[in-house]
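To start, the structure itself, in structure tokens.
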């Protein structure tokens, strides 16, 4: 329970950081969709550690294996299983912290929930789990692009206190990808890089904010009252490791506007009804308006830093410890494909749900 | 599709603002729970309009009718149906705006989704729909309090730019209720009241932020990786009318902290492992830590203001219009029970889910 | 948990035999469907007791009340709530058997499951619960007829040992309805009536078999591997009170045929592929073939007979008792609309599911 | 959609007969359960072709690979992924029938549903798919045996017209396994073997009936009104390839009994309430009584026979053809583990569901 998402484009993931492998099963992808495996792989490569000096140099050979559901290059309508076998399962690095509850990590809560804990690299709680979501979302991306003309782009909006406003109507994935820190504004990207390097030098870590825009979503996607589009987007984002906040459109800052400022007037665009501004962020009453969907996600600073910490062992002893090894001082660049994955899975599901009801 | 929430404590709602009635069916409430109907009614009265000078004087006679699932004062384990018949279905007030898409409202998106629209007071998109959630959540509250000792309290943290920090470890529902604006800090409450009155005089509206604390949730609730406790809380909150943002623990402001500041060290409390601080807001890796769960929700300003607005009619004509009638200039006081309802439904579901897995 | 059926045409029922009321909520009915309430009512009247001398003369005033989801005569796409308030809740007749576990009834199993029991007329276990299914199915019938041209007809195939083969390609609902025992073969119907009267005179009861045909289902409905069309039909039927068996097409008797006899050759009919015979009963591999779907359901004899029975009380005492009051000696005539309801709900759901995947 | 079963012990399967591989993901297996992989393998070996002279000599090397969810020999509470890579994907044998719709097979219906067809050995519609269910069910068996003391045994009751009554209270798996045809009555088994050999010699095929008993299920499992225990058992069985009928307890033959014969009186057994007979087959009102659960499933004769058949090609030409290759003339012996799997998955799910509600 808890390892599936979506009602019609339904994805189930499995696997632990240092187990035999990880994967995803997509049940509900429509048949006949041409699948470009290279594109899936390139989406996967974006979340891989070791892409740049900014990210951890651990090597994860994440070659996706399509086990089922694709025949002669097209989806068949049967479940698509995507598999990643783990090749480097050396978990010795985790032996030191094996018996203690690392602050900021899920060691204590998993032990509370399941009565035991897989200490090897976080087990199921590891961010490595997201490889499966990103793979499934890469299929969703091709469905959304091919059948609906939807395009999803995310970028780093803030690292620590360094923040930048980007024009969501024009930003492209290639601009984002051209920056190692995945911030499409070069001067800001440079300052973010500096801040990350400084944190690394200090043995400390940083958080930040990811922003995302989905362009081309037609009016009418979303299933009120509980499965509002923004509600499912929020859930999908908050299910990402380290995500602590979500907003859509004006979000928290919109709470200080007056109603007459905030309301987006409707006008006509090519003869079609369209909001003239977009404080709503592309949704009204849980359903897409046709304007770009715009969301932001807050990520807490990485929990694995290299300063001394206090904690408790499984046996109830108070201890202090210090992490060793190599870890990202800032996950924000690698969180970009994760937030895209969260949005893509939600949008693909709602695309099919809207089609079903009109059926 | 979309009108149910929860896996084990499963709630389905129905009904439109100006239809025959509204209601909720709870499937999965454990048997044998004594239900206090007066408490349910008092939870309902808190969301009712017309409670004070600050809220709209429309009268809604929301007497809950328990149609099934309760026998001799206790739940039977069969579905509990809670019904509210509408007595005052006069929808003439909405005739003026019947053919136009009101900005900030779901008129256009419902028409896009369903091919038509129930113009009477917003139909299913009306905030009136929340009466059913609050009723179901009142049952959840009694389950959570009676079986698990969980207590949920929300309050108004901000109205427009007026904001206050409240100590979540001590705030009580009765303190909150003693303030008409539902802000437990009297001087702030007075300023909020003033701001709301000024907005009303100006024909404009305000938004704000609700904060909530859930005390007594034991370690171990939550179902990673998709049904993390914070993910389901976020979804539940974002499914509330006008909610545009969610955060848990340090949330967006935590993104500017360093990892060494943000991590909550573990210590011992009465011999049990417990976080010594609570930047995490009571969850790690999607599972409760035993610390209070603390969330915040952003509500946009009310969409029904009384200034002239531009929009488009269903026939594609550009028009300007002005609302009339009586409407809340600020929903924040009435949003308090809604955010509580969102949290209560999520917590009740996860309480049962955790029990099921241990089963 | 357990009181909902269907994935896209999702129905949740509630209510007890002698509680305040019963009802159903349909979430997922497409918008824009014209609903004929008189037809719904006439479907309901078919399951009502007291329709003829053969059925119990108890009066159930089951006027359906449409609480939501319908506006100006059409479905809106929001949940349709159908309500039946109980007017005659006199449960004194059940006081005698209040403390003992009636053989053949669910008294003991409900007590085991829920830790208590609502003795009033069986509570949730009463066949009265089916009023909600029949109402929801009446909506499904209009959806299936109006949008897909599907027609569902059931009839009594056997009462006790009296059995008849009916031609499923031509039988009509009006022929079935013209017979009080709902067997469209008049001589057999007469013998069935006699057998039922003899059982009544003897204070005993009878079982039998219902047969059903669904004509007009196009090829392609069904969702293997678990949600095969026949699997969902079987589940829907076995969830009816007193149903102990299900078969589709050749069923149990087909097990004695050879493969070369059993296989239905494909041919062309109006240029379309079509099975030339129908041992398969309209499905292959869990998906409809376009041939009529043909199923049969076994109903055990009514558990409430009037002979002396041995049983045990809730306090663990062995006792003997005898039922009194008025009860159907044979439910078969009234089971006809129930089996239709089971099939209609399943078919409506799969119609939408097939549409969704093609989406 | 359609490839998952269960609410709490939730199993999703994937994979095609001649694709890369097949597998199952179990989400919801409680943590801490010791898993014996040899037992899982031995359950798998029972469904394997080529076990005896009676079954097809094709070799399927089905070594299960546990990809996740098990750590140090015990389940962790995270998803258990079970994988089978296909090693022998030679699909040339199917080239002859590639363009025609084989009678009795799902070629035409899959093409109708999905707009195309994977002709290689039936693709997803192949009985090979059941390897994944049997693997998942082997985990369920260990959960049911270890935590609840439940034992599930199935056997061949009939092959064609040869039928035998077996005492379900005493039959053991080892007795069943000692017979190549999996009928525990030696003389009947001999006659069945003869009949199967005769059919093979004739190029024809046979069907039959499997019977199953589940002993040790306590009173109280099942979730009325839709998820009655017998309803979920029926669905699970009817989702097996070639299954056309299901009955529980007295089933179809019970329809000819009178109510006074059929009702099972309650008595006391070791001080506990217990039915003295078992016409009900272990359930009343959708909930287990504590008596053995007894079901029967009808399997149609194998569709792949070796006589000339008429059919239609995908291009709409009428043709005649004849199968070649090696195929089982009778699947009944190999259907025994499939029916066990169907029952085990359903029972494991309801075990957890009952625990959840009591929670």
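Order as written gives the chain letters A, B, C and D; numbering starts at 1 within each chain.
Note that in this section a contact is a pair of C-beta atoms (placed from the backbone, for glycine too) under 8 Å apart; a residue touches a chain by one contact, two chains touch by 3 or more.
No experiment lies behind these values; they were computed from the predicted model shown.
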{"item": "Given subunit A and subunit D, the chains that contact each of them", "value": "B, C"}
{"item": "Subunit C against subunit B, contact positions shared by both copies (same if over half, else different)", "value": "same"}
{"item": "Whole-Å gap separating subunit A and subunit B, where each centre is the average of the chain's CA atoms", "value": "26"}
{"item": "Mean-CA-position distance for subunit C and subunit B (Å)", "value": "39"}
{"item": "Distance from subunit C to subunit A - Cα centre to Cα centre, in angstrom", "value": "46"}
{"item": "Two or more partner chains touched - positions in subunit A", "value": "1-4, 7-8, 13, 28, 31, 77, 113-115, 124, 353, 356-358"}
{"item": "In the complex with subunit B, residue positions of subunit A that touch it", "value": "1-5, 7, 13, 101, 103-106, 108-110, 112-115, 124-125, 129, 158, 160-161, 199, 204-209, 218-228, 230-239, 241, 243-252, 254-268, 271, 273, 275-276, 279-281, 283-290, 298-305, 307, 309-312, 316, 318, 353-354, 356-358"}
{"item": "Footprint of subunit D on subunit B - complex, ascending", "value": "7-8, 28, 30-31, 77, 351-353, 355-359"}
{"item": "Subunit D residues within the subunit A interface of the complex", "value": "1-4, 8, 10, 12-16, 19-23, 25, 27-28, 31-32, 65-69, 71, 74, 76-81, 83, 85, 113-116, 118, 123-124"}
